Every structure is written in C-alpha cells, then in structure tokens.
Amino acid sequence: MSRIVVEDVSITKISDLKRGYFRLNIAPFSKAAKVKPGQFVHVQIPGCGVYFRRAFSIYNFNAADGSIEILFKVVGRGTACLAKCRRGDRLGIVGPLGNTFRFPLKKETPVLIAGGVGFPPMYLLAVHMIEKGFEGERIVFLYGGNTKDDLVDISRIRKLGVELILTTMDGSYGQKGLITEPLKRIIDDRCGKVRLYACGPEGMLQAVDTLACDNDVPGQMSLEAPMPCGVGICLGCVRPLREGGYTRVCRDGPVYNFGEVLL
Amino acid sequence: MSRIVVEDVSITKISDLKRGYFRLNIAPFSKAAKVKPGQFVHVQIPGCGVYFRRAFSIYNFNAADGSIEILFKVVGRGTACLAKCRRGDRLGIVGPLGNTFRFPLKKETPVLIAGGVGFPPMYLLAVHMIEKGFEGERIVFLYGGNTKDDLVDISRIRKLGVELILTTMDGSYGQKGLITEPLKRIIDDRCGKVRLYACGPEGMLQAVDTLACDNDVPGQMSLEAPMPCGVGICLGCVRPLREGGYTRVCRDGPVYNFGEVLL
Amino acid sequence: MSIDLSVNIAGVEFKNPILTASGTCGYGEELADLFSLSRLGGIVTKSITVKPRLGHPPPRTAETESGMLNAIGLANVGVDEFIEKKLPFLEKFDTVVVVNVAGAKIQEYVEICTRLADCPRADMVELNFSCPNVEEGMGIATSAVLAERAVAEVKKVFGGPVIAKLSPNVTDIAEIAQACESGGADAVSLINTLVGMAVDIETFRPRLTNNTGGLSGPAIKPVALAMVHKVYQAVKIPIVGIGGIATADDVIEFLLCGAAAIEIGTALFVEPDTPVKIARDLKKYLSKNKFDSVKQLIGQLRIYS
Amino acid sequence: MSIDLSVNIAGVEFKNPILTASGTCGYGEELADLFSLSRLGGIVTKSITVKPRLGHPPPRTAETESGMLNAIGLANVGVDEFIEKKLPFLEKFDTVVVVNVAGAKIQEYVEICTRLADCPRADMVELNFSCPNVEEGMGIATSAVLAERAVAEVKKVFGGPVIAKLSPNVTDIAEIAQACESGGADAVSLINTLVGMAVDIETFRPRLTNNTGGLSGPAIKPVALAMVHKVYQAVKIPIVGIGGIATADDVIEFLLCGAAAIEIGTALFVEPDTPVKIARDLKKYLSKNKFDSVKQLIGQLRIYS
C-alpha cells in the first residue's frame, strides 16, 4: 500500500473565522487514521490559476469518518481562492506528508509555542499528547500573534485544559510583547525539565531556536519553505543545515531539532 | 464615450435548464441599453484555467436595470466552469460586440431559423421585431435540435405569439427531421415575400445559405468562429469571403448576408 | 507628489512606457472603440509589407496553457493603403506611432521605410526580423550579419529612430542585439513569439494550417525576461521589453531587467483595456514605493553574484 | 481487445511509453511511496556528476504562469554513491532504468559512463548536454561539433543504448540532433528547460539565487512539440518527447509528432501520480479509437502542406 496518497476530497465545511482566517473540513481522506502531528497535506486549489499546490498543516483529523481539518490565513492568490470555496467543492490533496515530533519524556514539561498560522500543528500535537496519556494541565501552550485578531480558535485550545499563555505584540489580548518573554521565564523556572515545540513565523523560530540552543533545552520546531512538490522529488524546498548541505523541508522535515537548521 | 466596455459584472441568477443548458443573468452592464440583436459579449470565465474569453450571444437585456441574459450549453472546459458559477460570482465581460441584423421590410415575412445554441440571438431578434411594431403572428420561428433536449426555453418563445415550428432529428418533439424541411415549404409557399434569419450549427447554416442563394431569398445568418479577442484586433476568427479575402467574424460579423461567406 | 511615467527612447518622448505590440492592436482603429489611444505611450502597428497580404487560412490561432499560438501569416493592407488609409487615423491621437515593417528580403524593408520616411506620423519604425511565420523572414532574425546589414540599410533611408525587433528562437540573442547596435539601431525590442505547435488528437492535424505558429502570452514571460536581462548586459541602446506582459507587476519586472519601455501583446485579446489598467497600477506602485519617476526602475535589478 | 502500450527504443522494451524525467523523480525512492515504479515504462534518474554536488542555495524554484523556473544546480550524490546506494533500490522494480549523466567536460561524461558500463541495472544512459544551470555545460548543448564528439566518446565506453538530451535554447535543434545521430546516439530526448527568469518587484532581486533558471511545465509544451516535430523530420533515430506533459492527450500529441516515448517532469510535482493516470487514459483513448497498439500513433501527424 502507498504511504502517501493523491486523492480528490470534498469540502464538508468551511468556517470563516474572520480577519482572514478560515477553517476547512475535508473528507474522505483515506489516510486520516495515519496522520501524525506536524504532518501536512499538499492542496490543489481549484480555479485560481496558481500552478503549484499549497501546503497546509493538518489541524485535526477524525479517523472514524476519514475527515481532516486545516486552518489557514489568506496571504496571496492561492489562499484567497481557497477562502472562496464552498461546501461540496472538490479539492485534490496529497498526503500525509512530512515527519512528526518526538514525544516528550514522562518527566518533561512539554512547552508548545505557536505563532500565528503555526497554531494548527501545535494544537494537534497537544491533542495527541493528551490522547497518549499526558495530562492537559502538564502541557504549557504559548500562543502569540501581532494582535488579538491573530489568536484564532482559542476556545478550542482552552478545552484541552492546557496551561495557556496568550501574547500579542500590541497588547490587545493576553500579555503584551513577544512570545519569547514568557518562554524565557518558563525555561528559567523549570530549568532542565522542559521540552520545547515551536511553529510560527521565521523570526519567532529564530528566537526560540537561539533560546533553546543557548539554554541547552531539547525540542523541535516545524519549518516552512515554498514547496513545489511536497514529496521530496524537486529539491526546491531546501534549507541549509548547520552541519553543511541542504535538507528538504517537505520530506526530511518539516520538523527539525533545535540547532539543526541554519535559520 | 467608449462604444465597447470592459466591465466586471455579477451573476444575479443562474438557471440550470437541464441537459447541459444554462441561463445566466448578469448585471450591471453599462451598455445594456445599447444592445442590438445578434451582438455578443466576450466572457472571462473565472478559475477554469482557459486563457481566452468565451463568446456568448446576448439572449435578452433589460435597459432599465442594466442586466443581460445569456443562454449556453456545456461543450468544453470553459462552459463547464461557467455552469459551476453561482449567484454573486463576478465575471469579466467585454461588449457589446459585433454587428446586427438588417430589419425586414414591412411587406416581408421574417422567418427566423434557430438551431441548438443558435436560439438566443434569434429569440432576441424576434423580441426586437415585435418591439419595433411587427406583429408576433407575422413572424415565423423555426427551432430545431437533435432531440427534445436541445429545444430549451420553448415557453418563452411561445409567449411572443410567433408562428412556432419545432423540429427534432429524432422526432422526439415537434416535426421529425431537418429544420430545412419546413423552411423549404415556407419558401415555396410565400415565394418572394420572406426574409430569412438563421443561427445554429455549421451544417444547418450551410443548408440555409444554399437554400437562400438558390431561391434568391434575402436574409442573414450569424456565424461562429473561435475568437481569441472578440474585438477585431487579432485576426484569428477569420473566415473566407466568397469574393476573396477574409472577414473577421467578431467585428465584421457575426451577421452576414447569405452568400457572402464561404461555408 | 506627482508621478512621472514618461520615458525617452532615442530622443522620442513617450508619455508612459506602455506601448501596444505589433499584430495585437491592428492599426489602432478597433482599440479606439475601447479607450482613447492618447492614453498609450505608443502604438506599434501591425507589420506591413510591400504588397497587401491576406494571411494564412484559418485556423490561425490556438489556445494553449497561459498563452496562445498564432500563424496569422502577416495579413496586412500593404504599405500603400497603410499610408493612405491607416496612418491618417492615428493623427488625431497624442501618442507615439511606431510602424512595424516586415519583409522577405532586406530590400523590402528598405523600400517600405523609404516610403515611411515621408510620413511625419511614422515617428519610429520597428523592424520585424523575427516573424516565425514566413520562411524567408527567418534568415535575418537568426543571422547577426544579415540583421546588422538590414538595420544599416534602413538607417540610410529612414530619418527617424529605428527599433530592431528580435526573435527568441536563437542560441544567443545578445549577439544579434549587438549586431543590430553595430548596424545603427536606435533600440532593440524583444521578444517576438517562440516557435510552437499544437495538435488536434481527434483529427491528427496541427491546430494551425501553417502547422507551426508563434507562442505568446504569460507562458513566455520568464523567457522574455531572461532575454531582456541578457541583452541589457550586452548593448548600450535602449531595450523595449515584450512577452507575456499582463499586469503592472509584469511591467516592473521588465523595467528592472533593463527595459526602458514595454509592449503589450496577447494580453490585449483577453483584457483589451490592459494598458489603461497598467498605467494606473504603475502609478500606484511608484507612489507606494516613493519613486517619482518610472525611470528610476530601469535596470535596477539586484542580481546575485 | 487487449491494448498494447509497449514501445521499443534502440532494442530496449518499455512496457509503456511513459518515463519520468530526470531531476523530477530523484532516484525513485520518494515516488515509490506513491505508486510502484513497476508501473512506469522507465525512470530517468536525476543527473549525476563525477563528484557529489550540493546545488545552488535557495530559492531554487519559482512558480510562473502554467509552469515553474528551477535552478537546482545539479544537486546529486555523485556517481559513486549513486552506484552504491541508489541504483540497488531500483533493482526491485520491473521498469527500464535510464541513468542521466551530466558533466562540465566531455571527459566527465566518459568517466561516469565507464563506471555505469559495469552496472547491469543501468539499462540506458541519457546525456544531459543542456542543463542551463551550469555554465560549463552549455557548450555541448549548443555546439553540434561538441555534441557529436561527446556522444561518440560515450559510445566507446558504454555498451548499452545512449540517449542524447537536447536543449531548446538553440537556433536549430535539428542540427544538434543530427550531430548526435552522427555521433552514434541511439535516440534523442527533448526538450530540456528554456532559459527563463522572474523578479521580485519588492526586493528588486531575481527569484532564483542563480539569477536565471530553467522554465518547465505546461507553458512550454507548444515549444517542445514544435521541436519534436522538427527533429522527427531530421533524424532516423527514435525521439523521446519531453516538455509540459500532464495528460494522456498531451502524450498523444507528442506521439503524433514523432516521439516514440515521453518523459513526465514538472507535472509530477503537481500531480505525483500523473504516470498512472496517463497510462489509464491512454488505454481509454486507444480503445475508443480502435487502435490496438500505442505504436500506431507514432509520427502519424497529418501536416498541412
């Protein structure tokens, strides 16, 4: 059996979360039961004239009905077009793609750091940890954005019962400032017992990567890159490795240990 | 002021007439009040990846609310995509394009011959004649198709009170056989007092053209050709003239006198 | 802040860098039904030949992915009727008239340009060396020697500036551009269409009666940009960029690569008011990015070294 | 009626005419996660060079209208690791393995092909003369003399059939194809990518760190078809068609123009199971049109005269 499938799926629901964010439910995806946190699907967006597929992290999945969910922000031609789709429209997807996160050790406190549209894989990772026996309250979830508008679906993450810390750059919601501020405090407080997981904008990841390396904190982050193929055959999504050479974000990643990739 | 406009319009209504035929209402078109029968619009179909616009005859217009109507059949990529549009979707249109029909003389009996998707301009011509003072019952309207399924919107043409003759190749509706059969009889019956107007598939137009020329009956037909530009600048839609040289169907036509164009 | 869209090519002032390309705007009559031609920087008229030409039998065009093929076959009214009937129409517009000229032999270019030399409204000529549709024409487009000679001969008879229009169907377009420069060309324009083909899989027939045709439209824009970039590094005369331009963003790419002006071709078929929209969006871009003249973009590409 | 999709090129039997193109299917490992490589007529592996190459820094690709630009820079594991680690993986599949070889000098082609001569799984080699991404490589692609010599030298050392892969960035591709035929090539494949460029209008930077790159995808299909058609009239050896193929209809166009087989490149990125879908649709077309072998299509174009 193929590990990765190319399938036509239907949009079963599209929710406008306002301020440019949308949530999309699609089904049936034959590999829904196999999805691991951090993995993504490569989506063919119908009728917008963009040639490549677009990559979106899997936000949630339902093994029972074979559905998956993505959360996206409108940033360009492709996402603008995706936002105009309606229930019943067909999408082509390739997936599940990419690797996944390493599970924390029992004694470690997992700290999940989500910035903007880096939220979906962090959410799914939290869900996964809880399913695998981690108590919600033992998970620290940092969720930051530029303004209130970037913090979407908060109610959903609250339901997991994680220790939630929200930040906005302009202070319009949660703590004011960079997400790395509370992170620094957490690292200092629980020295040696945390494992970090991060996904978000490049600047945030650079800061977290530096923090993690400087403080010798283990963990991983999920990267982005423009992806022509998503399956590892075009060599277009490469990023330089610290040890030299390039890594394909779509297949060798998107999840990397801190310090592994030159940001 | 520009004679031809390039405008973005909204789909105000899309009606599935079944069997692959659709009716589309679009507005506001600033030139709706200027439309003449036989003219067409060049439509940019969103999101189907076809590069050229597609030409559609104007089926009806409403000068008051600036709306126009087209009637189309799904035959390929572009029309398939147009059929999937929904109310509120935006379309780009260029128009009104092309020339129009010569008005019949008072003493003549206008015979309108519509085959398949050649129906829209014939319908509009009938409406126009009635508006300009021709009594409906003096207009003979022949409407033919391969089967019953090709005779759409019959109720609408009936309402005009014209003398309606329907034909289908397979006899599933109206008279069985070619539309030219009743036409021949009409020409014979009302010798010298008819004027023909035709629009429809190439084979039908050839037959009507021959009939008209052989019997010295005046009149015109509306032709089709693949149209890259629709406005006369590409020279792509040309057809050979009997007298030599080429004519641009989009601008010099689409309406031609019988005998003018080599079919 | 007022934004200056004007550019100057070989001493000729264009109110904006937007021209319409030869063969895609006829002699201007039809476009004038859509917008005033005075809004254009310039109009390049359909290639004219010594004698009128009917062109190839249809089908002459085919739709392709993000583009089209054409083999119109240089259908045109011929130089006599052009001067008598077409050029006068353009007199009423405040725009630069570039007359595109095609021929099978150098002598034909000379003959036409001699006639045009007496026409005050023929502000410039553009020599179409590259039309892939006429066998005889190919020679000049692919030969540096012939191209240089053709330009030099035309320069002797036509007083105004001469633009040499180059074909992309060559191993080294920079070499041909340099030859035209040596011949005295005041500018080069590029690219003409790429040789292409499409086949009807039901009839086994080519989609054009000419079998092959010229590919144009957004599909070829990357090729055109690379060639403009290459030629910009090889010649000193101004470059007019052509190929797949449909938006102001496209125009900016060409200007950055070194084009001093651009021509819009196939986009006119799909969006006939493209030049008007581009002029508007170009202004917006310049003002947003705090430029006061479009000239500030020309050749400003920051290449990786 | 059973439909025969098999074709034969230079004595090698392909179960169907569908190959995957070099540089767009790695060494087969990743695609094998999507479908069995045994469903392919053949696989053409990523260009290998004497030494491993990391390739150019990102960005290496850019999206264009109906296509893409790439300047990967011949990133590959080098011939040693290829033979040791990559070729064995392909052993388990029932498909023709074509090893694509690139080099800066003729000697490098010879060196690699000498090594490959000892590998039973290297059924054929394809010589990439045309990669526009390495300066040194350009010479062979654009010179009939060098191309002929390169093929002849490789033929001396490699026992199996040799395919010469041609660049479209030349004035006359038929001339280069004939030279390869004279040199002893068993087949030619065409086209490689067209030189292209794209610019970021916010940063004024080229979209590729290599400044220019190779254009591929549906955008270039018409150009590829015209070149296959031209070469078919010029050589007797079989032609492998490449360029923008995404559907069975595209494949049929290439076969009609004279290709005996085809390679799928960029389409794999957008629709990784394209070869499987094409094989299915090709069968449908043949059966609908009452052909029993795909060979009945090759070269059957009915040109207008």
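Lettered A, B, C and D in written order, each chain numbered from 1.
Going forward, contacts are C-beta pairs under 8 Å (C-beta built on N, C-alpha and C of every residue); 3 or more make two chains touch, one makes a residue touch a chain.
In this text, all values refer to a predicted model and were calculated from it rather than measured experimentally.
S.K.: Indicate the lowest number of steps between chain A and chain B, counting one step per move to a touching chain.
M.R.: Each step joins two touching chains, and the minimum needed here is 1.
S.K.: Between chain B and chain D, what is the gap in Å from one C-alpha centre to the other?
M.R.: 48
S.K.: In whole angstrom, what separates the CA-based centres of chain A and chain D?
M.R.: Going by mean C-alpha positions, chain A sits 37 Å from chain D.
S.K.: Let me have the rounded angstrom distance from the C-alpha centre of chain C over to the C-alpha centre of chain D, please.
M.R.: So the centre of chain C lies 34 Å away from the centre of chain D.
S.K.: Can you tell me which residues of chain D touch two or more of the remaining chains?
M.R.: 64-67
S.K.: Going through chain B residue by residue, note those that touch at least 2 other chains and give them in order.
M.R.: 49
S.K.: Chain touch graph shape: choose line, ring, star, complete or other and state it.
M.R.: ring
S.K.: Return all touching chain pairs.
M.R.: The list of touching pairs comes to A-B, A-D, B-C, C-D.
S.K.: Could you list, by residue number, the parts of chain B that touch chain A in their complex?
M.R.: 46-49, 81, 86
S.K.: So in the complex, which bits of chain D are touching chain C?
M.R.: Interface residues on the chain D side: 64-67, 69, 142, 169-171, 194-199, 201, 203-206, 209-212, 215, 218-223, 225-227, 229, 244, 249, 252-253, 256-257, 285, 300-304.
S.K.: Spell out the residues on chain D that touch chain A in their complex, using ranges where they run on.
M.R.: Interface residues on chain D, with respect to chain A: 24-26, 30-31, 33-35, 54-55, 57-61, 63-68, 70, 72, 75, 217, 268-273.
S.K.: Spell out the residues on chain A that touch chain D in their complex, using ranges where they run on.
M.R.: Touch list, chain A to chain D: 2-6, 44, 49-53, 92, 94, 225-226, 228-240, 244-246, 251.
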